[in-house]
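Following this line, the structures themselves.
Both complexes below contain subunit A, partnered by subunit B and then by subunit C.
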Partner chain A sequence: MTTSTVTRVRRQLPSSPWLFAAPGLLITGVFILYPFVSTVVNAFTDRRTLVPGKFVGLANFRELLHDDMFWIGLRNSALYVVCVVPALVVLPLLLALLVRKNIPGITFFRSAFYTPVVASIVVVGLIWVWLLDERGLVNSLLETVGVGRVGFLSDQWLLLFSAMAVTVWKGLGYYMIIYLAALANVPRELHEAASVDGAGAIRRFLTVTVPAVRSTMVLVAALSSVAAFKVFSEVYLMAGPSGGPAGEDTTLVMLVQRTGTGLTGRVGYASAISLVVFVVTVALMLLVLRADRRDES
Partner chain B sequence: MSVSRKTLATAAFLALVLPLSACGSGGDNGGSGDASGKVEGDITFQTWNLRANFRSYFDGVIADFEKQYPGTHVKWIDQPAEGYADKISADAAGGTLPDVVNVSPDLVAPLAKAGLALDLDKAAAKYKKEYLAGAWASHQIPGTTGTYAFPWYLNTGPLFYNKSLFKKAGLDPDSPPKTYDDLFADALTMAHKSDGKVATLANVPTIEDFGRYGVELMNKQGTAFTFNDTKGVQLLSKYKELYDAKALDPQALTATPESSGKKFLTEAVAMNPGSALDLGNFKKQAPNLYKNIGITDQITSTGHVNMYVMGVMVNSRTKRTPAAVAFAHYVTDAEHQMSFARKVAIFPSTAGSLEDPYFTKEDGTDETRVRIAAAKSLKNAVNYTPVLFSDQMKTALRNEVAKALQGKESPKAALDNAVKACDTLLQQQG
Partner chain C sequence: MSVLQKARPVSRTEAPREPRVTDEHGRRIRVGELVVRYVLLLAVLALTVGPFLWQLSTSLKGPTEDIFSSPPTFLPGHPTLHNYERVADTIPVWDYALNSLKVAAANVVTNCVGSALAGYALARLRYRGRRVATLVFILAMLVPVEGIIIAQFTTMRELGLNNTLIGVVLPGCVGAMNVLLMRNAFRNLPYEIEEAAYVDGANVWQRFLRVALPSVRGTVAVVAIFAFMGAWDDFLWPLIVLSDPSKFTLTIGLNYLHGTFANDERLVAAGTVIAVAPLIALFACLQRYFFRGVGEGAVKG
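Now for the complex of A and B:
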């Protein structure tokens, strides 16, 4: 390499990183940054799908406070987090502990548990709708054992809990894989030492396994709480576009979709709801991370 | 060559902003609305989920049009049924709405209000007499003047019922209900005799049901909804009675037309509205049901059955207005509507077409019997769904109806709330 070439390379260095990053920045700008800024701006306007709208200040947010459907959506989304997140933090860990053992045929079970993750949510939703129908397999079994038919898809609470069960069932495999990776890093010696000290399986789980994978549990809690608060597909597929009986199973994201889409969509109002979803989601993340830091200290 | 950070930042900003400048309303740089010029140029034509089954038909129509009008080229786009309104709204907002678009009256209304639909009373008034008066009027919007789409095909259908379930419930399978009173009485008998296991109806009442029951849906000016009148409350009270007796399927509160169709196929409900097209499905998917299928007229208190109307709209901002208007008319003229009707169970909206022997002459098959009955009823059929009744309004009504059926509100309070919500949405639409 000659001296002049070295000089030229050095002179180009400050700008080169920007050029390399440009495609990524462009995509981020167009598909993430611009829609986000646009949503924030729209939240303060009365924009509709085909009408640009004008600045209305906090009117959309004031309307939210008096909108029953918003409170129903907030209640259901929050309930989803409260019920689904603990299940998705604990159950995949137990599953991972089961399938990490090297016994014959375990690969089959690992694959089987992971299959719902790769299945299309629409297909999964439809299958569960058929299973839980008034004349579906689950109700036929319940009737056979004398329980009688249960309105899984007609009662507002059963419908919501059925959708939660589908979310947990579909998410188990994904978080199981994350836990398997974390468990692989837990030194075997720790378990052996605990065994020598007389610790049983449950005690070893609580004093060795859980502390060792605690940071992974925090990660799973953060990821699943954000996903749970933004739930859409499961509830939409099982409760229908109207959000269950009298819309009582509507979640916040369903409300955004219903309010803001179509030719008469209220884009401004839907953006205001989106902004609330964003703020709550960030708050949830911060809450989980803060709880983690407090535990560490 | 050295590039400063400032220059790069500017370039990145422009790279971000310039593509976005292509988005937007499309401005007012469209056509003049004058359809009298030479028919030439490239146009786009968008249909609603028709390519899968009718590709060769539309390829033929387009080829014939291009042959008749040398210098024209029609690009055909087909969109899936799901999310069609969202696709149109994205195109309309982005200024990329095709020149000629397949629409329904409720889709035309917001597009016309936004100035995106060509007024055919001005641009194509000479064609008006070719269509049934009711069909032409179906794309007019209360509170505005003008007609915003060519009427295309119409559809209506009978009420199918399961003779076997009627017989099991002790009802005469050859004497299906003809009035609402008969329907409610038979439904209660069916629920009682089957111990609540077989419902007669699978859907909660929609705005169309209120219309068919004889409820005034809107005021004459089209500025407010009125379906909370005595008749409306009466209908909802009857449905509440059916719901409590399980004569209305318990899952009706969350049902869609597709899910209730499946319930009828699996013989979980005894009656379901449909069209001549459904007979083929019954034959293929549920042979047992097909053997026991009964066909009766739609029940109505007004003497007018409900009809669904499809239209073909011309984008007011097209740069090829003469070609777009000519093509929209070409697709919907009597000759092409008739040839389309022979391919699928739909009905032409052109004057005189329903007098064709195809719609009047029996050949002994069920399909023809349904077709002839439907064609006959279409002559004075009504599209009950108000063109201003948006999806959000449908949801508002549905939710209030559900509250009444569950007993959370009285039928009167539920309809009052629904009217209030729909009026608010109507005002917000402008």
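Now for the complex of A and C:
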């Protein structure tokens, strides 16, 4: 190695590769990997924002088991995955099929459908808070057609489902683009062969399109389930910092934020909840990928 | 060639049925199908873009105009910018926008520079420990930020940087995913061009700056756009790290506006329009890179 460097026309400084990688490694080490290790360690201490804390073993986790708020958070985050993921796997695929053909003006529609992805989640949250308001647009429309006003943002369950709808609304365009790329690789001959065999549109969708984009559906399921379990902003904005009526709409990450920040923040306990978030996230990924492998065999 | 020749006669047999609009394969689309498609497209358009337009319309409605009417009035009777003046009187919205701009600009610069350098080191330079360095970035990409956010907050406190804009930028300033994106871009470059520069006596910095970097401009643009959007739109981290209202970014300021003046819908609407307009403008100009970023991020992420 050294002899070859000597023979080079101009010698490369031996330290330069590390110089190149240094900023990235430093930032990643200090702000991602160290906090990760520190989260794991803190989860077994009673550390607070201003108090260093000491080792308490599994006390935080034992407390979790008896913490109603933790179970509410876990329920809501899990429910979020169960409801949002199927919608985000199927709807963007249908949307991609709709915008796939190059008919006049289609690039405008593709871009327009992507707009919610570009907007900040805070903007999106506030737009829907106003739309779903007791006196907002959705309710005026509902009243006009004679359904009457619905308390989307005051009922515990309606609030949660409204937040889910907003998550789906914001995610549609993103996954649509992913599906569009996948659909471009589906051989057209398959569709033609199916039409020749007399298969209708729905049948062709199920027997040709779905199998062809199956691996993309798995990818979307993995990405969206991880994102859904970590949901924070939509629910925070729509239900408020305390998580709706009696905190019943709190999600796990909201609980982490509420417990662990501020001057009296219980860093140790919040870290224990964070660890649960982390473990479930990894488990969800593995579950989706395993389901994929089983399907294949 | 032979495929094309075979395909021709088939399309010719269809030609007499008057093809009007064709799809990407040159196949004819029936009028009925076309009508259904446009109706569906317009319906989805109303659903996805409608809410933004309603927000814009609300922000332009004057204080005397009824914004709660049923049936709703979609267009403001007397459009006015009054609400934009009022939102600036209520919260320092332009200062917040400036803070957001600072954070986003810093995030763009650090991500482009940091991830290009690190990506080049991972892709091109030969040294011991390269695989470990790659693994560090892959592991970092897999760690969910929400799971370590409290520890990031305590780390920032230890560094004395909480409640500063630098503290907002730092944790994401060289994203692991961007590093890996750049690494892949550099790896896809043919070795030959750099070898030529090497023979001409260019050292590693010159090869990086003059040869490799200009060849991956597209990926740098993707990194820049997503860094800007990520920083401008971020909510959870600035919410945790910033406590002093004078340091707020636009998203945190909007949350504050919403929490404090929740009943004044026109005001909140004006605030959200201010926050979303720059990004929609950016998106309108640089769509190509937005879409490309989705593809690259999803495949590699």
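By definition in this document, the second predicted complex is superposed on the first by the 273 of 297 C-alpha atoms of A that agree within 3 Å, B and C clash if a C-alpha of one lies under 4 Å from a C-alpha of the other, contacts with A are read in each partner's own complex, and residues count from 1 in each chain.
Here is the rule we go by: contacts are C-beta pairs under 8 Å (C-beta built on N, C-alpha and C of every residue); 3 or more make two chains touch, one makes a residue touch a chain.
Predicted model, so just to flag it, every value in this text is computed and none were measured.
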After the match on subunit A, would you call subunit B and subunit C a fit or a clash?
clash
Using the touch definition from the top, say if A:D133 reaches subunit B (first), subunit C (second), both or neither.
both
Looking at the overlay, does A:K101 come into contact with subunit B only (first), subunit C only (second), both, or neither?
second
Would you sort A:L153 into first (subunit B), second (subunit C), both or neither based on which partner it touches?
first
Would you check which partner chain A:H66 touches, where first means subunit B only, second means subunit C only, and both and neither mean what they say?
neither
With the two structures laid over each other on chain A, which partner does A:V51 touch: subunit B (first), subunit C (second), both, or neither?
first
Mind working out whether A:L25 is in touch with subunit B, subunit C, both or neither, as first, second, both or neither?
both
Just subunit B (first), just subunit C (second), both, or neither: which does A:R258 touch?
first
Looking at A:P245, would you say it contacts subunit B, subunit C, both, or neither? Reply first, second, both or neither.
first
Which of the two, subunit B or subunit C, is in touch with more residues of subunit A?
C
Based on the superposed arrangement, let me know which partner A:R294 touches: subunit B (first), subunit C (second), both, or neither?
neither
Region of subunit C that runs into subunit B when the structures are aligned on their shared chain, from 81-89, 117-125, 243-251 or 279-287:
243-251
Show me the subunit A residues, by the header's touch rule, that subunit B contacts in one structure and subunit C contacts in the other.
12, 18, 25, 29-30, 33-34, 49, 133, 135, 240-241, 261, 265
Which stretch or stretches of subunit A touch subunit C in the complex?
8-10, 12-13, 16-18, 20-21, 23-25, 27-36, 38-39, 42, 47, 49, 95, 98-104, 106, 109, 111-116, 118-123, 126-131, 133, 135-137, 139-141, 143-144, 169, 172-174, 177-178, 181, 188, 219, 223, 226, 230, 232-233, 237, 240-241, 253, 256-257, 260-261, 265, 267, 270-271, 274-275, 277-278, 281-282
Contacts from subunit C onto subunit A in the complex sit at residues 21, 23-25, 29, 34, 37-38, 40-41, 44-45, 47-49, 51-52, 54-55, 58, 68-72, 110, 113-115, 117-118, 120-122, 125-127, 130, 133, 136-137, 139-140, 142-144, 146-155, 157, 170-174, 176, 179, 198-199, 201-205, 208, 229, 232-236, 239-240, 250-251, 254-255, 258-259, 265, 268-269, 271-272, 275-276, 279-280, 282-284, 287, 290-291, 294-295, 298, 301
Under the touch definition given earlier, write down the residues of subunit B that touch subunit A in their complex.
1-5, 8, 12, 15-16, 19-20, 25, 85-86, 88-89, 92-93, 107, 110-111, 113-114, 116, 249-251, 253-256, 259, 266, 268, 390-392, 395, 398-400, 402-403, 406, 408, 425, 428-430
Complex contact set, residues of subunit A against subunit B
11-12, 14-15, 18-19, 22, 25-26, 29-30, 33-34, 46, 48-52, 133-135, 151, 153-154, 159, 239-247, 258-259, 261-266
